[in-house]
Structure formats: C-alpha cells, structure tokens
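The letters A, B, C, D, E, F, G, H, I, J, K and L name the chains in turn, as written, and every chain counts its residues from 1.
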Amino acid sequence: MKKILVIHGPNLNLLGDREIDVYGKVTLTQINSSLKRLAQKKKIQLKIIQSNHEGKIVEVIGETKGKFSAILINPAAYTHTSVAIRDAISAVPVPCVEVHLSNIYQREEFRHTSLIAPVAKGQVCGFGLMSYVLGLEAAISLIKNKK
Amino acid sequence: MKKILVIHGPNLNLLGDREIDVYGKVTLTQINSSLKRLAQKKKIQLKIIQSNHEGKIVEVIGETKGKFSAILINPAAYTHTSVAIRDAISAVPVPCVEVHLSNIYQREEFRHTSLIAPVAKGQVCGFGLMSYVLGLEAAISLIKNKK
Amino acid sequence: MKKILVIHGPNLNLLGDREIDVYGKVTLTQINSSLKRLAQKKKIQLKIIQSNHEGKIVEVIGETKGKFSAILINPAAYTHTSVAIRDAISAVPVPCVEVHLSNIYQREEFRHTSLIAPVAKGQVCGFGLMSYVLGLEAAISLIKNKK
Amino acid sequence: MKKILVIHGPNLNLLGDREIDVYGKVTLTQINSSLKRLAQKKKIQLKIIQSNHEGKIVEVIGETKGKFSAILINPAAYTHTSVAIRDAISAVPVPCVEVHLSNIYQREEFRHTSLIAPVAKGQVCGFGLMSYVLGLEAAISLIKNKK
Amino acid sequence: MKKILVIHGPNLNLLGDREIDVYGKVTLTQINSSLKRLAQKKKIQLKIIQSNHEGKIVEVIGETKGKFSAILINPAAYTHTSVAIRDAISAVPVPCVEVHLSNIYQREEFRHTSLIAPVAKGQVCGFGLMSYVLGLEAAISLIKNKK
Amino acid sequence: MKKILVIHGPNLNLLGDREIDVYGKVTLTQINSSLKRLAQKKKIQLKIIQSNHEGKIVEVIGETKGKFSAILINPAAYTHTSVAIRDAISAVPVPCVEVHLSNIYQREEFRHTSLIAPVAKGQVCGFGLMSYVLGLEAAISLIKNKK
Amino acid sequence: MKKILVIHGPNLNLLGDREIDVYGKVTLTQINSSLKRLAQKKKIQLKIIQSNHEGKIVEVIGETKGKFSAILINPAAYTHTSVAIRDAISAVPVPCVEVHLSNIYQREEFRHTSLIAPVAKGQVCGFGLMSYVLGLEAAISLIKNKK
Amino acid sequence: MKKILVIHGPNLNLLGDREIDVYGKVTLTQINSSLKRLAQKKKIQLKIIQSNHEGKIVEVIGETKGKFSAILINPAAYTHTSVAIRDAISAVPVPCVEVHLSNIYQREEFRHTSLIAPVAKGQVCGFGLMSYVLGLEAAISLIKNKK
Amino acid sequence: MKKILVIHGPNLNLLGDREIDVYGKVTLTQINSSLKRLAQKKKIQLKIIQSNHEGKIVEVIGETKGKFSAILINPAAYTHTSVAIRDAISAVPVPCVEVHLSNIYQREEFRHTSLIAPVAKGQVCGFGLMSYVLGLEAAISLIKNKK
Amino acid sequence: MKKILVIHGPNLNLLGDREIDVYGKVTLTQINSSLKRLAQKKKIQLKIIQSNHEGKIVEVIGETKGKFSAILINPAAYTHTSVAIRDAISAVPVPCVEVHLSNIYQREEFRHTSLIAPVAKGQVCGFGLMSYVLGLEAAISLIKNKK
Amino acid sequence: MKKILVIHGPNLNLLGDREIDVYGKVTLTQINSSLKRLAQKKKIQLKIIQSNHEGKIVEVIGETKGKFSAILINPAAYTHTSVAIRDAISAVPVPCVEVHLSNIYQREEFRHTSLIAPVAKGQVCGFGLMSYVLGLEAAISLIKNKK
Amino acid sequence: MKKILVIHGPNLNLLGDREIDVYGKVTLTQINSSLKRLAQKKKIQLKIIQSNHEGKIVEVIGETKGKFSAILINPAAYTHTSVAIRDAISAVPVPCVEVHLSNIYQREEFRHTSLIAPVAKGQVCGFGLMSYVLGLEAAISLIKNKK
C-alpha cells in the first residue's frame, strides 16, 4: 500500500479560530478527516504532521525517500520565506503537491510569491478544505501515472 | 440541471502537437472527453469553447450571468496580459476557477504573474489534464456549497 | 456638420449591472443619450460604437482620417495594455480625448498607468457619466479652436 | 448661494510668460475671468486664491469645511510632492476636483504620478484653459448631485 | 515550391500616411511588391496578410505547420504586448523572422523589449523597407540551410 | 529648569475632527494638557508649537541650540518628504524624539518610510495620545541620562 | 490580575556582551528586572521568555488567547524575516506591542522594514532599556482602555 | 551694471556651527564677503538672500525676469525635493548656476539626485566656499557670452 | 569606390572554436570571405579589423569621417558595456549597422540591452554568418539611398 | 590545542544522494573525514555538527566565545534567509569562514546574495569537497595570524 | 613648481566636430590653450594627455604619486562605466577634480550617475570650456589650501 | 609539467601602498613569491602577468587553450564591468579560479556582483594573500581531478 506524507505548516493548528474571514471555520481535525476518508477510498495510507518549526519540516521531508510516494504540503507562512524547505523538496525524489486554503493571490503582495511552487509538481489554492482534497487527488494521480 | 462554461484560451487548439516537453501529449479532445465524463457523473451540463480572440472570450464571459453557475477557464497566454478578461470576470456574478496545464511558476518570469488569479475563486496548475479535472471538481463543489 | 467618433471599450456593455460600487448604476444607453443631447445642442454629429475587440477598435480609429474631427474614447481595460490602440491614435491626424467613469488613480496599481494618455490631447476621469459629457465638451472645444 | 474655492498652486502667477510651448499664452487673469463667467451663469460664488506656499494651501483647504461646497485645485508642482496637501484634502468633507493645464502624462517621468489624484473625486488635464472650465463644471455637477 | 507566410501586424495598413518621421513614406503595397519581386527571383511562394487582430494572427500562425517553411512577421504594436503570438510561434515547428521598419531601440522605453525576439530565429530592424527585404532573405537562407 | 520643545506638524490642528477612524477623537488641546501634566510632575518646562509650514518648523529647530534640552516632534506629513527638517535636526546638538499618533506601518506605502527616523534618537508610534506621553517620557529620560 | 507575555527574540540572551556600540551594556536580566518592577507597581503579572527558535515563538504566541491580555515582543532578527511570527500575531485576538533596543532606521537597509509592525498595535524603538519600559506602559494602557 | 541674484537655501544660516565634518567651519558671512569681493572686481551687482521657505525661494526666482541676468543658487535640502523651485527656474528666462558646499555624491543615497540640475546651466560641488566663488565666475561668464 | 569599415569586437578571433552551441562552427576567416565576395559584387571596398581593445575600436571609429561611407560592427561583449564606443559612433557622421551572430534576446538578461542600438541605424541578429551578410547589404543600401 | 567549530546547515545530511548534478556524489561523511585528516595534520581540534534548525545553529554559534578559535560554516539554504545566523556571527568575537559546495553565482537569482558573507572573514565556493578543505585552511591561517 | 596632470578621456580628440549641439564648437586645442594660459598665470606646470584607452588612463593615474599635486580629469564615457579608473583615483594620494563640458544631468539616464564623483574632491559640469577653467582653478585652490 | 596562468587585474601593481585598510600591506611581489613557492612544491609551472588593460587580459586568456591547464585570476575592478573578460573565459576550455584580496561583499554595493563568478569554477575571497594561495591550491586540485 502506497503512503503519502501530509504536512501542515506553521499556525495551521489554530484553524477554525483564526482570521475566519480569510480561512473560514474549518478546523485541522475536519481537514484531516476528509483526507483520511478519501485516502481510505483510494487505498492509500496517510501520515499527517503539523509543525511550526522550519527545521522539523525540513527533516521530515528529508526522510521521505523510499518511505513515501508523494508529499502533500501546505507550507503556510514558510511558503514565502523558506529556501530550506524548497531545498529539501528538491533533494528527495518524491513528487510534492502544494496546497493553500486561501487564494494567496488576493492577499498581501508578499504572499504572491511562493518559493515552493517552482519545485512542486503543481499547486491548488483558494478552495478552503477542497484545496486539500483536490491536492490529495492530484498526488494520488501522480503516483498512479508513475506506475 | 446546472451549467458550467469551460473556456480554452489561445493556442490550446494546438495541444498534443505543441511543445510536448511543456504541455505533454494530451489533446484538447481528450481533455474535453474527460471533462464531459465527470460532468455527466455529477449531473452537470457543460458548454465548451476555444478561442484565440481576447475580445471573444470577454464576450462569452459577459453573457454568463443567469445562464451559467460557474466558469472554468484556462486563459493560456491571456493569463498574463488581459485586463479585459479580468474585468469581465469581475463584472459577472459567476464564480470562476482558473486552471493551467503546466506549472507556470517553473517557466519564464513573465508567466509567474496571473492577472486572472486575484479575481478567480482559486487556481489549479501543474497537473496536465488532471488540472482541468480537479478544476471542474472545484467548480462543482463551489456550486454545491452555494445552494 | 462636424462628426465625432465615440468609442466604448471592453465590458462597457455590462454597465449598470457590473460592480456598482465602482461604476455606479448608469447604463450605456443613458450615457449615449446624454452625449447625443449635448451633440445636438452643439450641432455636432456623433457615431457611437462599443467593442470588446482590440483589433476592431484599432480598425475604426484607423478609418477616422478625413471622416471625423475628433475621437472620444473610454478604452476601459485596454487603457493599460494596448500599444496597438495607442499606435492607431498616433497614426491618424484626429485629436483624441480619453475618458474614464471611475478615478483610475484610486484603484489597483496596474490601473494607474495609461498607455493612451501620452498620445491623447487630454483626460477626464472620476466623474461617472459626467466624465463623458465633459470629455465631449473638450472634444468639441478642440474642434472649434482649430477652425 | 453655494461657494466653490479655486486654488492655483505655485508659479501659476507667471502664466502667459512662462514656458509658452508647454502652457500656452493664456494668463491667470483670463482663466479667472472664464471661471467667473461660468460661475455667474450657474449661480455659484467663487473664491479664488493663488499661492506659492504649501503651508498656505494646506491652511485654506483646512478651513473649507462648512464654508465651501467644493474645491477646484491646480496643485502645479505640489501635485507630485505634497503629502500635506493630500492630507488636508482627505481631512475635510468637501469634494475636490484636480485640474492641470498641460497633459502631465506627456511630460517628465516625475510628473506622471499625482499624490492628489487618489484623494480627489476626479481629474481633468491637457486642455489648457478648458481644463479649468470643465473642472468647474464637474465641481458644480458634484454639488448638484449631492442635493 | 517552398512557401513563406508574411504577416503585417496592427496599423501597418496605414503606412505611408502615418507618422512619416518614424516610418517614412513607404506604403504597404510598395513593401509587398518588393517582397514578391525577391520571392519570384528566389523561386519562393509568398502568402501575405495584414491584420489588426491579435487572435487572427495567432490563428494563421497556428495553421502554418506543414504548409509553410518559414514565417516573416512584423508584429508592430503586438511585439511588446502579445504573449499569445509568442506562444503560437513556439507552438509550431516553423522558423520565424521578426522585422521592424524603425529602430525600436531609439523609441519609447516600452518599445525596447520584444516578447517575440526570444522565440524568433533572429531580428532585423531599423532599415525601413530594407528590413523586410533582408528579413525575407534571412528566412529563405534558413530554409535552404535546413535542406 | 530644563526645557523641551514640542512641535506638532501640518494638519494636526484639525485633530479630533479629521479622519477619526485613523486618528481617534482626541484633540490637540487634550494632547497638550497631558504633556503639560507630565512635564509639571517631572519638573520640565515645555514650549509647544503647531505649524503647517515646513520653513517655520525648520526655523524653530534651528534656534533650539542652547535653549532646549530635547525636541519632541510629530512631523505628520513632513515625515515622508522633508529633507529640510531632517537637516535641521542633524544641524543642532539637541536630541530629538519622533512620535506618531497612528501606526504608520499599517497605512499607505508612502507612509512606511520616515526621513526623520534616521536622525532622531528613537520613535514611538501607534498608541494615539499615549504615543506623545511615552515620547515625552523618552525625551526626559534622554536628558537625565546625559547629566 | 491581568497577564502580559514578554517575548525576547534570538540572540537577546547575549545582551550586555554583544555589539555594545549598538545595544549598550544593559543585560537581559536588568531589562527583566525593570519590567517586573513596573508590572508590580501597575498590578500586572508578567510571563517572560527568550527563544532563538522561530517555531517556539510562533507556538507561545499561538497559545496566548484567553490567557494573556497583551504581548510585548522584541522580535530581534526575526523582525525582518518571519512571516510565521507575523501570522501568529494576526491569528490571536491579543494586542501586541513591538519594541527594539536600537533605532532600526539608523542601521543596515534590510533592518528598515519590519514584517511585524503592520500587525502590531504600535512600535517603540531606539531608547535601549527604556524602549521596553515604554513598550510595557503602552501595553498596559492598551489593556486599560479596553476595559 | 548687471545684477546676479544669490540664493542660499534652508539651514545655511547655521553654517560654521552645523555638522562641521561635512560643511567645514566657513560661515555664511564669510561666503557672502568672498562673493561680494569677486562681484566688485568683475563690476557685477549682487543681491543675496537666505530663506528656509520653499515658497519664498519660488517667489524671488519668479521675480527675476528683467531684473537679474543670472541666478546663483545653493538649494540645500530643497535640491532633492522641490519640484516648485525647479518649475520656477524653468519659468524664467534667466540662466541659473547650482552650487553645493559638499560633494553630494559622497553622501546619503537620497542626496545623489538633484531635481534642480536638469534645469540649471551647470553645477559646481564639493569645494566648500570655492564652490560658490567658481559658481559666481561661471554665472558671470554666462552673462558675458550672451552679450 | 565607396569604402565600408568592418569591425569585429573582442573574442571574435576565437570563433569556430568557442562555444559552438551558441556561435556555430563558422570561423572569422569564413565570415570575412563572405563579406569580401559580396563587396566585390557590389563594387564596394572593405577594410576589416578585429580588436579586443575598447580604446582601439573607439579610435578607428573616430577616424572614419571622410574616409568611410558606413560602419558594420559586431561589438560583441562591448555591446553591453561600452559607452565610449557608443559615443564614438555618435561623434562621427558615418551610418553604422550593428550585427550579432547569435540572437542576443535568447541569452542572459544582461545581453538583452545594447548600448549601441540607439545610435546605430539598425540591427541584424540571430542568423550566424548571414547576420553579417545581411548587415553588409543594409550598409550598402544606406549608402545608395544617400546618394 | 585550538578548536574550530564546523557547522553544516540544512539538508546537507542528504549529500551524495541529492541533486548530484549540482552537489556531486561526495557524502557528508567523506567531507568530515577530509576535514579531520587536515585538522590532525595541523594539530587543530574540530567539533562538527549538522542541523536543519536555524535556532540550533544560532545557539551553537552563540556559545563559541572562549571555546572556539574559528567557525567554518556552510549555511546552505539559510545563507539567503537567516538574519538570525548573521547576527549570531556578528555577536561573537570568533572569526568565521563561509563555504559552499556549489558555485552559488551559477544558480537561481535568489542564491546570488549571501546574508552571511558581509559578516564572515571570507568565502570559498564552487569546488565541492575542496571548498571545505580550503575553507578549513583559511580558518587555520586566520588563527595563526592572530597569534 | 607644482604640477597638475590633465586627462582628457575617450572621443574628446573629436571635439569641435562632434555633436555640436551637445558639446559646442570648442576644440581640444582651444581648451588646452586656455588651461595653459591660466596655469602660467598661477605658476603651475601642466601635463596634458588624451586617451581612448581605459587601461592607459588607469596607468597614468597610478604613476601620479609624488610627481603631481592634483589631477584634473574629464573621464567622458568612462565616467559611467569605469570602476578601474575610480579605483586608480582612490589608490593614489593625489586630489582629483572631475569636469564635464555638458550638463550630464540633462542627458540620457545612464549619464546621470558618475562612478568617479564619489572619489573626486568635487565636480564642475555644464559650462563647456569654462568647466575646465573653473576645474583647474578648483584644483589649484586645493593645492594651496593644503600647503 | 602542467602550466597555470596567473592574471592580476588593474591597479594591483599599486598594492602595499594603496588603501591599506582595505587591501593590507602585502605587495604584488610578495604574493607572487608565495604562489611560486607553492607551485614549485606541487610541480606546477606558473606564468604571471599584471595588466591594467581589459583588451590585454582578454587576449592572454584567448591564447591559453592548449598551453595552460588552468587560469587563476584576480580581475579587480574588471570583476564588475567586463563582459569581454567573461566571454573570453567562456570561450576557452580552461578552468578558471577567481580570487579577491578583500571580502567584496563588505564593500560598496556595486562590488557585490561579479560578472566573472558565473563562468569561473569557483571563487575565494576575503583572506588577503591567502586568497591567492588557496585559489592556486583549488586550481591545482581541479587539474588533478581532471586527469
């Protein structure tokens, strides 16, 4: 059974409570439930982590080789500042899908540039919880096409 | 039965033949088949058009009000140059999903900025044919959430 | 009797319905009525067209020479992107007045620069329907001063 | 009887004599006569001042509240440098019309940006004396629409 | 017999009449005659079109594959704004030569950058009618070298 | 008894009345009362002036040497444009504290840069009336540390 | 009794020892003593932490809701690079005061921009230990005004 | 006897006392004496003024026409910000020489650009008192060449 | 018999050997042969030089007046850095044609700007040896048109 | 015996496996062996750490004072984003040598700027494993020169 | 007897003939005569050279130490491109005066920045031949003040 | 026996005497002695040249093919301005090592960018004489790895 690593970046533990006009009322638990339901249906195993630490995220990505078939990541604030996470994604031969709850192109100028996008396979943003679900579908389809 | 307007922008009629290293071998006909199959399953009606004319695309968007529940658009080259299409999308009360076959953030600098993204609900890019399929799923889910 | 060509750019057919907080409730028909009333009073003949096509606008400007004494244009979205319309205005010996319903300097950054302004005689913006009326007065006064 | 404050910015006292290729031969006295004639016809009272002092212009704007129904200003050189005049216009609840004799978009780069435009209702430029006349018409129409 | 497609962009129908200090007195008919004379001598067939429509130009380029051996294009104003024409040229396996009547590097800043140049084989500019003639020679030599 | 010069820049005479959503309802008289109360307690003498004239402010700063032990200034709009006030502060050996009622970093782009900050000892902003009170405390502590 | 969270960012543990010409000789212990003395007088409880870890600071801010009435933070080097801390401050409904020992506007170019300032209530900088004391006074006054 | 107007800009009244490492110990009185001595020798009459008011300087320049044969100006801080002084110099048909005590190209970035230089005949900077003396010689030679 | 000066800039002596993917296998000797053959046919005399020294190139251009009817130059690396060569071309009344072997607009960013283009009559680039041949034809046609 | 601290930044644990075209096949273990061999020969003691955590790297640098005579660091991705590491290096009186395996000036634009370089003694880059060896030699020579 | 080295940069040998609207009709011989006349009067010895070679100019500056008391240089085109000449001037302990015939601030953008100005004592520009004469006076006065 | 070409760029002949705070007291003779000593030990032959002429440096590099196994260059001022030297290095199949005495990243902004770095194998800077020694070691190791 194939495994996908799901990474939630900094502050996402506060979802449902935080800036509801931007992120909506959905909580991280609800997102994870939706992802697990889809994974089960598609016979994919998920490992889900949330971390506020850039170094931690670098580490878990660095250890995906040979263990995971794809990465699904919402890098949150690190999207715009972390060359280290970008390098980690480049360093491992595991395809990566980038997702965002909000449409980052409708927000502050500095959120319009993603350091992660050029090393990800693709990006889904702006659909709230659905961004994650569609991102997971994309990741699964990437695995299937590879076979 | 709800209707969604699918718009393919300039040069997409050449798909399958054109810069295969960037866009893959998929043809527009194959994309349209996939979209129709999904639409049928979800009981949604599709109208699909392809145009190389900015003015034509502005026009069909301007006429969606009251006729379509959502727009799925791959603005192709006009993504980066058309304020007119952007204004048309803003002008009509119909939610719009933007898709791209390639990961525009891995290409030339001038393709990193989308004039359409800030007025679309969200964006899916980088997954080839799957970008369209996931985009259509997103559009359908936007319609359902509205009800 | 002198003739003035009035050109309404892309999406202006949607006026009255579209983004009312920006453009107000006035419709294109109401604008045209106001312009015709003033023209009649000043004994000027008007020809009015609306087009979403950049190429079409280029063409009608290219044919004004010897037929029209002035051009009154609201280039709308093409204000910021069309070098072709700018070149057409430069190419014909007919004075051109640029008008905008909204104050473009209060909107998004990319709307602050007009490619048309440097080749127009002058600009009127921010007064809604009155922008057109004052613009037509300016065009008429340009014709009279030439005599 | 409604009152409108007309403000001529720095160096405009030199008109008719100064850089005739840019500003034409019209004098400030001729401009003021045209404005008074129109005001009389429209039953509006004008107060006209010219000042080279940024602080003086800030002051007269600051005192318009409750005394004037609109401001007509040609900020001249202060158009491009005066945050203080901009703040004064924002600070009073009196609509303001910005006018320029020349087409500022055909001149030096630093004259293409107006600090005043984003806080004015609208702008008229490029028509010489007619810029003032049309600007006054715009101001009068703003007052009338408010009633 | 090999065929070359010659494309004249927007406003070039006005040549001979338009901004003579920039473009000289040569007319489009004279340019076409010179091109045909050279083609005849070199035993090449020409198809010549002029269009003000970006979408039209995209279309004719999109249909060159298998029908034409080279493209000779003066994109005029679209040189600086059309990603769609650029994408069309990239999409077809037909070598393209870009020409300009005037020396675009002596004109306004925004004319110094060509979106077409990076996808063309080469560029000839600044020699008026001779730009076209030399451009056609270049196109013919590209065809011959390929054989 | 030590003396501190308090300078209120342009438009601050309008406080309490002007853009209440930005500056709150506090008046200049209330600010001055708070400052005087604190000064009395700390046995410091204050001289307070308000001016809309850049030149006037330059002058009063130029005359502080030997008469005042510190300057407390809210340069308001001149914060962003006055090299002359900056030079005046550099020219006199009197420490200067810069204060702002609003958080200038939450406002328009052009308010994010202070020409005064690099020549002031420090800055307090964003706390309304409290900005002045804390700024005066800072100024007093600067004087005491010098002794 | 109200509680305020005091956060010292990276490298501040080295104070008193580090670049004395920039930061002075004051130690973190001395700063904390001054803060505690003032807090006691004002009947406020303080929790003080120092961390070199961006992720740790993000975490403690994320947990302030319902436990603390205000945050006093010297983000040090993270001021200029941490979108994650910025997002954490936005995410919690607790007012935040930003302080700096040195005048960041007199230092290297890249220190002139604070990512934190736009989401803080206000900022105090340049007064050494006094920056903290005044910042705490500001924080206390923010709490009192809310009551 | 020809007359030259000498204008000393803001803060120059503080010379000899102010930032001695930048401007040296020379006082305005000493500069004026040197200028008068040279003028007497060359049989030129001088009028010398110093003002901290931008508006005042605009005014005296505006009144030079027909009264003065040349202007010698050290615009000091207004060098970098005053479009109004620039416009005044352009507006009068009197040649203008710009001088600076210090070498402005060795100082802060914002002092490297002079708004005055493009409308002055020439510039002398970096030689302290000698900048004024050489500037006056230049002004006299401009007058003589015109005769 | 008319004479044309042909200048090959720095490193062109290495052609045929150097970066073959960029410049092809053609050698300088082959280019010169082609040029001489064309010159002979057109009854034009050529003088050909190659130099790695900017100063040398400046000198030979400075001596063309009265001796040569046109200059054909491939400034190579100096295209992007030499204001001195640009000034030399401006200084002599001899028309100049700029050529490049490669399409400079497909290479590094800093090669997209030519300091020479604004002072040349026109430019030919991207056609390898043919760039030179077409450039010489252009130069000859410039001489003929002048007669 | 003198001690040198060697720091390997984020993702360097993946060496030998990661992007072999950029970094080569050398592993971290091989690099460390080479360094230890040289250190032994030069009678220097090494402490070597690798961390993906910015905060951890800040901490170990903060503790070098009095314990280490020099630092040898490959900051990897943090080279371009970490003001905190930069500040840590500035804060301790221990000379620091920066090394990179790859030539960072041949890679993406954002890798051309090092935040570390201005506070390091010097930099060695582009020589793979040899960068480390030469960097260690440089560090040793810095220690010897100090004695 | 003190000696001053006068350096004329590239293309200045063409003066009197070259772009007369920019540089006037004065020749290099006339400039040199004026300089020699003044030098004789002031009992200063001159050595005058003109070179088109950057390397040559670097060399003569490098040899001035101990032989010349000052340098008078018109770097012409190298003003804007030569870091090598700048470094040579910094490297020798001989004061340097920079002169320009034309007002470089009225010309193309790239001529507004001088790499030489920050290392020269001062600059004189815009007065044609008089720029040299005043520059020599400045150089002589620098020598005298040093004594 | 392998040969390495050592090139010292402009002004380096002045070392030991020139700006000692930047470059130290080491002379070019001492550097050359150190290099020769190392070369002898490693059984490598050196050819050393110093030139102030860009064209000369281009020439010697152009002639290295087949004669030298590596180039060691300190391009000095030409580091930042010479595309010609960059092209010469690209044109020959000889690996090149770039060295700098000073840490160019601690100096003026325009010295932070090296045109040479992207075509060199690697760079060593900031260690004075040691930069050369380490650079030579790097060059030797490049030769050895190639064998």
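In this section, contacts are C-beta pairs under 8 Å (C-beta built on N, C-alpha and C of every residue); 3 or more make two chains touch, one makes a residue touch a chain.
In this text, all values refer to a predicted model and were calculated from it rather than measured experimentally.
Repeating the B-C interface with over half of its contact pairs identical by residue number, the matching pair from K-L, E-I or F-G is K-L. Our note on geometry: chain G versus chain I, Cα centroid distance of 63 Å, whole angstroms.
Centres computed as Cα averages put chain H at a distance of 23 Å from chain K. Counting only residues that touch two or more partner chains, chain A has 53-56, 81. By the document's touch criterion, interfaces exist between A-B, A-G, A-J, B-C, B-E, C-D, C-E, D-F, D-H, E-I, F-G, F-H, G-J, H-K, I-K, I-L, J-L, K-L.
On chain K, the positions that touch chain I within their shared complex are 9-11, 13-14, 17-19, 51-56, 76-78, 80-81, 110-111.
Per the touch definition, chain K reaches chain L in the complex via residues 53-56, 58-59, 62, 65, 81-84, 86-88, 90-92, 115. Partner chain L is touched in their complex by these residues of chain J: 103, 105-106, 112-114, 117-118, 120-127, 130-131, 134, 137-138, 141-142.
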